[in-house]
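Here chain A shows up in two complexes: once beside chain B, once beside chain C.
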Partner chain A sequence: MCSRFADRAVRAGTAVIAIAALAACPRERRTFHDSPPAASVAAESAKSVRSDSGVSREGPYGDNAYALYQGKTLFAAFNCMGCHSHGGGGMGPPLMDSAWIYGYEPANIYATIANGRPNGMPSFKNRITPQQIWELVAYVRSMSGQGSKAARTSRNDEMEVRAAESQTTTEKPVLVTPPPTVNPPAQEGHP
Partner chain B sequence: MSALCGCALALLGCGVDSERTPAGAEGQEPHIMLQKPLPPGGTGAQIEAAATAPEDGQWIRPAKDFASSRFSGLNEINTSNVAQLKPAWTFPTGVLRGQEAAPIVVGHMMYVVTAYPNLLYAFDLSKPGASLKWMYNPKPLTSSQGEACCDVVNRGASYADGKIIYATLDNNVVAVDAESGKEVWRTKVGDINKGETMTMAPLIVKDRVLVGNSGGEMGVRGWLKGLDLKTGAVKWTAMHTGPDSVVLIGQSFKPFYKKDQGADLGVKSWPGTTWQIGGGGVWGWISYDPALDLVFYGSSNPGPWNPEQRPGDNKWTSTFFARHPETGEAIWAYQINPHDLHDYDGVNESILLDIPWNGSKRGILVHPDRNGYMYALDRATGEVLYAKPYVHITSSDSVDLKTGELALNPTKEPKLGKTVRDVCPAAPGGKDWQPSSFSPRTGLMYVPHQNLCMDEQPTAVSYISGTPYVGMDVRMKPGIGGNRGFVTGWNPVTGSVVWRIAEPFPVWSGTLATAGDVVFYGTMEGWFKAVDARTGTLLWKYKTTSGIIGQPVAYRGPDGKEYVAVMSGVGGWSGAIVAGGLDPRDSSAALGFVGAMRDLPRVTPKGGTLYVFSLR
Partner chain C sequence: MAGALLACAGCSLHNTQNALDASGPQSQRIEGLWWLFLPIAAVVWVIVIAVMLWGAARKRSPREGMETRGGAEVVVRDEARDRRMTRIVAGGVIVTVVILFLMLVADFRVGQALTMAPGTQAVPIKVTGHQFWWEVQYPDSVPNKTVITANEIHIPVGVPVVMELTSLDVIHSFWVPSLTGKKDLLPGYRRSLWFRADTPGVYRGQCAEYCGLEHAKMSVLVIAQKPQDFEAWRAAQLDSATTPSDSLALRGKTVFMGTTCVMCHSISGTSAAATAGPDLTHVGSRRMIAANTLPNTDANLYAWISDPQRIKPGVLMPATKLDPRDMQALVAYLRHLK
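Here is the complex of A and B:
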């Protein structure tokens, strides 16, 4: 099917070949029963996991449009949106900017979702499957333009409140320390 | 620039609503508009705040008195000399989140509660520079920060019986010895794992400490509790959803309107068991009438915001209640926003006034609701004497005084899969928590508020305990005129605007009225302003280091001089973009408030400083 289509495309001109190749072949692989990569997420120590830990640079789904869309759906369904909005933040920090408090590598984000973080991020470990967490990881990274641009979702199903992930500029992620609660630390009792 | 935007918006609004006459439409506003000249001497001679005490120079609770007048009888600082006001001393609290608390002054001491982690600072005003005497840290759970919908604010403490009493973000009510700073008692009254937090200032009436929970955005079940002042023991709990027995509705309960009468409406007006996660918290203000022995307060919005998931009236959310403080027993209730569509909480303040009404004296409470109407209710019965728009309203047409019903505009009803545009007022309402004041000298109320509209679209949402239960995409924008805030001088007898000051940003600070005929308020850019109580004319302003969303107070220092104090430190729902470092590219951030506040980070940094001003 694919080669026959290409044969015809040769006669139609090289520009069409390029478009056809991009649009039609090879079709993206969809995995419906994926196991999470071998990275020992439970042992993840924040900010130390790098791409050599068994998790690919973009996690298992960073270039998978289907999984990214699933992640976007889960982001709403598990009320992530309630705190992080569409990436701009609210009760929780923004996810579309360059600043990452607990690490920006896929395994860091996996651990954040699975185990929670001390300043208000709840643990979703027993509420959601590992595969779904990885889909969320991919989507969360796509909010700041990480991962494959072609795979990122290109529209919102609801009211437009921000540019689609596919239109988002790719931020260069940086680690930040969480803003101190009290600065300078106030001493209890009589000064 | 903002004026241009406003014109565009106004045109847009005309296009959308050309056949409708929006309630309260005022068109383009000049900076100050004197709409109804005051009679010489004002109307004050006929109006007085109920339940005030002679001026003693103190400020022992955020609302100053039980009538919630926020009026200081001090007049050393007045219209003729306020221009000479200068900072007397300042104190950086070290906490850089929204500072909504009122400083409390008792004798020669001042007390201030910060935003999370809810530090309590005590200053000795008799010492040079008002030196710090002690600091108390209640050590709230760090995870409580993730349960607070709209910045980790605290609206202040109250003083009684030698104790400073306030609520922490993680649901502890603490009583601290006012002299030593030692904790006297601590009572845990809520659970952050259910989405509950606490941000309101307690009201202390006789031997009861009245507190309620926040979390209308988290699927909490709202309540008001009465704690024992001596021990902190919970003496009663009035739920705001559920059967009458737990709402503390009994034989004495006499709602004025038929729509609020019937058995177990807190269950029957909900589908299935959704009342158990239906919201209706209490995080605003409570007033008290000693003559009737009743407290008055409103409950919050229902959850989730998506109204299609909760068909019915959703009682007793967004409802005004009168209760006996000793027992919590409900006397009357008036549901202001049945089946609320737009996050119109009923928690805003009520000022208790005795006014001339049809030839006799009437005891009323005046309540500026989120839905854009100023309500005057009879304090004894809950009858609505008037409900008049104080902002531009498109979400409803009027309030029927015979039935008490709010006539909704059906074209602004949110429906799944549909974007509803130009809903005015926006979710924070015509006015949010920021409390008004009242001067018996002018007879006017001074109402700080916003001028915002919104587009919204519901989304399906599931309840997961401890996570937001909202189900609504929102993007807010400036209302007609382009300015996002107002301070309005309101005549509570005629129910009309006397003067109005337009501010570029929402006026998220409280106001303070004084016997010097000066009204104080702060702006989100950081200006602390004094205006003429009769005309709204600007008399003085001072730029603080951060946006002001706190409550100004006035007191007489140990040296006999008058001081005015306010916290500076931007944040709250409106200032979340700065306090939380949110991304302006997402207009739905902070439940849609960021859409209207993109320029705030350019005009103010975070802050957390106490300012005290005097003439010398």
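Here is the complex of A and C:
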């Protein structure tokens, strides 16, 4: 009788502790007002490497499922697909493989989107807000399996050959040399 | 101004959502169903409550109870009363089934009437749901005669309109209570809804399926006009945006094309051709902004563009940080787009 009571008490206690422990699980936060953008692209992109700002190495949104999904939507809305296809590359380099020309750190990708890169990548810094660039950074990294797997999008809105980001294998990013600059052929009739 | 006042005098303003203020055959049928169901439900409710109170208050029959017979306790029942009660309950079940069946028939007949094909003269309109606004298209066999607008649907009175409903993100539901019942907008599906407005007026509608944080601020205006007014409106909407002549609005155009606006919105006749946000070609002619959250005034546009998240937290439009002078120019340009 007594031992059965003790057994029940232990079970109830375990359940209470387990429920109390759940409260410690962090809930994903979503902010409506992004922090004011830094004065320059360099300062804004430095946000991802500064440790005192409370921003993780993955950039502000690397582990935020809502932001990753927004990034995926913006990737289509801003016609990133026009050159990079759905990550497989086309006119622009592929984004779902391990090779990176201008750096794979969030700060590098931020600078790539904000400032543009030679051979065709346009500058978006006055066209889209820093918050949107960070969402795109998080999504672009998730295409090759970087960042939190739990937060990656699990569904494609359009027909795609590849699986959604949550099922993508994590590529180990490596830096590659940029392709040689192709000089446009001299136009006839111009001095 | 005088013309606008005269035009308004001709139409009664129903700028509220009221399913009991039906203005078309579809909504009249739905309203009729309501007026049939309400008294039945009221009478049934009163009877059920009365019977329940009677059952709780009535005394036990003096012939019922426990009796000791031959050393064992037995239950003694009032057989006559039990038979009477069985008859009452059985009668109640039959009446309930009959009432429910009659209501089912009435409901079926209304549903049948609502889905009756509207004929070949109907005006086709494509409505696409977005978080948190309505994209509206009037398709035409000639592609460049397709009208694209947002959040404000103009329809001719006396002519049925056929809506082709779909969604590009989550499930929404189109509901203009004074004109029609609800129909869900499902991503990946095309669904049809047809209705007719018989009285000119402005009818407010609302997304009726929870679609996200700003579901409550996703409303739509249906403006029913005389057919000739509708055709005039449609012809005006086909025009491309004109280049403003005053310097402030002209500067606003440069601001629009050079900042974040151009990434999501399109203005016909300019280089802005993105489709992530509402089409702004004739935004100045619309009555409301932000899916009918605010009246379309200079001050509201200024507040909305500066910080949409303050007015609709969770809306997908980001805040735009512009010099106040640029912002005034931008507002002037948008108001110019009649």
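Observations on the model:
Just so it is clear, the second predicted complex is superposed on the first by the 133 of 191 C-alpha atoms of A that agree within 3 Å, B and C clash if a C-alpha of one lies under 4 Å from a C-alpha of the other, contacts with A are read in each partner's own complex, and residues count from 1 in each chain.
Simple rule for what comes next: a residue touches a chain if its C-beta (ideal position, glycine included) is under 8 Å from a C-beta of that chain, and two chains touch if they have at least 3 such contacts.
Remember, it's a predicted structure, so these values are computed and weren't measured experimentally.
Using the contact criterion defined above for the overlaid structures, shared-chain residue A:N119 touches chain B, although it does not reach chain C. Greater residue coverage of chain A by touch, when chain B is weighed against chain C, goes to B.
In the superposition on chain A, A:A77 makes contact with both chain B and chain C.
Legend: residue contacts after superposition of the two complexes on their common chain; A:E158 is shown touching chain B, with no touch to chain C. Residue contacts after overlaying the shared chain place A:Q131 against chain C, while chain B stays out of touching range. Counting contacts by the rule stated earlier, residues 77-78, 127 of chain A appear in both its interface with chain B and its interface with chain C. For chain A in complex with chain B, the touching residues are 76-79, 81-83, 85-94, 96-97, 99, 118-122, 127, 158-159, 161-163, 179, 181-191.
For chain C in complex with chain A, the touching residues are 258-260, 262-264, 274, 276, 307, 309, 313-314, 316, 318-321.
Chain contact summary for the complex, chain B toward chain A: residues 93-96, 116-117, 119, 131-137, 142-149, 181, 217, 419, 455-457, 459, 461-462, 464, 466-470, 473, 475, 576, 580-592, 594-595. The part of chain A that touches chain C in the complex is made up of residues 30, 32-34, 36-37, 70, 77-78, 126-129, 131-132.
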